[in-house]
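The structures considered in this document are given below.
Common to both upcoming complexes is chain A, partnered first by chain B, then by chain C.
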Partner chain A sequence: RISSDGNPAKFQPPPKPVIIDKQKQREEKRFLSPEFIPPRGRTDPLKFFIERKDMIQRRKVFNIPEFYVGHVLAVTTADPYANEKVSRFVGICIQRGGKGLGATFVLRNVIEDQGIEICYELYNPRIQAIEVLKLEKRLDDNLMYLRDALPEYSTFDVNMKPVSHLDHEEVPVNKLQVRMKPKPWSKRWERPKYNIKGIKFELPEKKMKEAQKWSQPWLEFDMLREYDTSKIEDKIWKEVSEGLKK
Partner chain B sequence: SVMTRFCAGFALAPRVLLSRSVFHSFLSFASITGACRAIQKLTRVRVVDNSTLGNTPYHRPPKCIHVYNKTGVGKVGDKILLAIKGEKKKALIVGHKMPGPTMTPRFDSNNVVLIEDNGNPIGTRIKTPIPYILRQREGEFSKVLAIARNFV
Partner chain C sequence: MMPIWTKSGKKHAVTLLKVQDCHVLRYISKEESGGKTSKLLVGGKNASPFYKSESAMEIFKEAGVPRKQKVTSFNVTDDAIIKPGTPLYAAHFRPGQFVDVTAKTIGKGFQGVMKRWGFKGQPASHGQTKTHRRPGAISTNKAAKVYRGKKMPGKMGNIYRTSFGLKVWRINTKHDIIYVNGSVPGHTNCLVKVKDSKLPTYKDCNKNPPFPTFFADGDEKLPEDLYDEEIFQFTDPSVTYA
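The block that comes next holds the complex of A and B.
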């Protein structure tokens, strides 16, 4: 190459390519299952430590995937009374409760016009496989209102294929607003105590205003209810990741 | 206020029955009691087999009038006495709204299968899923399990 002067130009090496390793980025994003975080109380932390050891032991043997409320899961359990001693249930996770070894999650599905919910224990040895079929977070932490929603929102095909999801991507949030059956509902979901964002309320304005009468705006500022789990989470995350690596 | 709610319920009745012609719409009508205990006297139940007695519409839903149990509360696998269409019939509970032990299914309606005194089912097919727990008592319920199509 000849520059504008006429002399041969100095060799410019090409710019180094910048490699963004998305797998490593993902490892930095860490997920701690909510049942590891101990509840606030006066119990001896030794109890939670021993429980966590057992939970890590079980996780080494059996893979419990990362899942949130709103994911569609397929669970195979060992059942002495089933046909092939194995029963499979597909459903959307509507609630994750319990702490420690008694952690549970509820799956809901509508089969043949009948709504069915099964509460599974995460660390129950009868569970043989948990597959995540669809990764999708919803606007709420608790989807119990699906019981009063139209059945189409809780129907999931039993033979649905797992939807592929790349590891490094964020879990997508489905901003679906669900339509409800006519009232009466099992709980008054329009009340602010449930703080539900995922329902399309087709109630008259008067009813929505009346529901706001039960709002407790001082609750979020109540200092005695604060439970800051960030430091506890960091400690437990280190403990759990070391335990799993061994 | 209960009367007005009932009247409102009946006003809605033809629309509800036309749009969703499922008989159990009777159950969640003007007012529902939340699930207290599973199935006891005067609970309205839903018959899930394909018998004529269970599926012909009547102006009153089938109600439990007796539970054949030491406690008056019926769970999955208990026999009860139903009052349907002005007659008494025995039935077997195959699912209730009350949550049971973990790993067992909880249904959105109280399901029941009509049965004779000797245990023979009256219908010939059960489309709704039945819990696997019933297989434990295969001897008593073998004929009911034989006509069941889906299990949960």
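The block that comes next holds the complex of A and C.
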């Protein structure tokens, strides 16, 4: 380079370091548990408000972690018939159902070649602890097809160590395509009404085309079925976060 | 309806009933009504005064109260008479009491005999000609007539029915809500009449209820939520079996 007039070059300050403010990133990531969103209906909103107060009360005393379908959880419950009055079950969450205080989640595991599914209520006072062992979202909201998949996809070690996860990172999505047992299945998972993306269908082309006969492409344009929850979610998120901060 | 858990870990289903603008409208004495006890007319939810005639509005004007959607009568003993115009609140009931709830059931319209009375009908196949949900025989040969009250198809629902002996688990004094055990006749947001239970097992259950009723401007200051002794309150830690 030609230096200007022999004078020393102008002082260039060093490039500013990029600071990833992890506190701000965590605040931006808002997660509202799906059981807080009221279903569409003619019930009085006062009922949902009172239910939400109870749910916030319970969450203050007992921590319910953020989890999605596909996470591996370990739940300890108080059991009057167990030896130590406490029973622990580890499994993959295949479904989250119910709204309000009656919200449930189903954990599935295969123990000694026997598939076991237990449906737990989130707000049941007998639950002592819920630990998230592995954070991993799957391609679907509902993993009921694991019942007809090969048992290796539902087995999880009962004494699994919790896999560490950094707070500010997003929950990873596992794009695993599951292999199924031979037909007949409990439900016809290849039909478009279930909209499953996580199965590796090894069926012949003819059967897949025949399954598309039951597709209902008009459903996504049906205006009466629309339920926009964005504004309701914002209001409820503010209410819940303020309730938990107190 | 909501779930409620007891301290032993059992779950019960509970219906929420809201006491919305209830006022006492009129006192009818024993001689006037012609019954064994005197009556108190009580009105429910507020409604518009423009859809009723002047004569119908007289009762509300006397009591000094807006027009009510539903007016029911309660048989009262002489020592429990309340002045017309007093508001009634949910704190009139206390947790641990037993209560009867009356309401109009959900109307199902004209229904056949299988849904209305639970008849078995006929088999779906094996030669049945046009007979799958019919009542079959309606009387015997010797009777030579059909008895009065024979169960036949007709309008089902939309009649007053009562659920007896429902326990009151919790009362919210701020929003005037009563948590009543089990289910209650009627659709969501319908008007419902709540009375003390008439069942003989619960005759001595009411220990010191607010008598004649709970007065909001009185001396008693109740907490926002009144719970039954056995309820698990969400402020407590999780249930354990020792």
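In the analysis below, the second predicted complex is superposed on the first by the 228 of 246 C-alpha atoms of A that agree within 3 Å, B and C clash if a C-alpha of one lies under 4 Å from a C-alpha of the other, contacts with A are read in each partner's own complex, and residues count from 1 in each chain.
The rule is short, and it goes like this: a residue touches a chain if its C-beta (ideal position, glycine included) is under 8 Å from a C-beta of that chain, and two chains touch if they have at least 3 such contacts.
Because the structure is a prediction, the values reported are computed rather than measured.
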Clash or fit, chain B versus chain C on superposed chain A: fit
First (chain B), second (chain C), both or neither touched by A:D79: both
Partner chain(s) touched by A:E121 [first = chain B, second = chain C, both, neither]: both
First, second, both or neither for A:V18, with chain B first and chain C second: neither
Which superposed partner A:I50 touches (first chain B, second chain C, both, neither): second
Vertex chain A, arms to chain B and chain C (CA centres, degrees, nearest 10): 80
Nearest Cα pair across chain B and chain C, whole Å: 10
Chain B and chain C footprints on chain A, overlapping residues: 79, 121, 124, 126
Residues of chain A that touch chain C when the two form their complex: 41-44, 46-47, 50-51, 54, 57-58, 61-62, 78-80, 85, 100-102, 121, 123-128
Chain C residues touching chain A - in the complex, by the definition given at the top: 2-3, 5, 9, 11, 16, 18, 172, 175, 177, 188-189, 232, 234-242
Chain B partner contacts - residues on chain A that touch it in the complex: 77, 79, 81-83, 87, 89, 104, 111-121, 124, 126, 147, 181-182, 184, 186
Residue ranges of chain B touching chain A (in the complex, touch as defined): 12, 22, 28, 31-32, 34, 48, 95, 99, 102-109, 111, 127-129, 132-136, 150-152
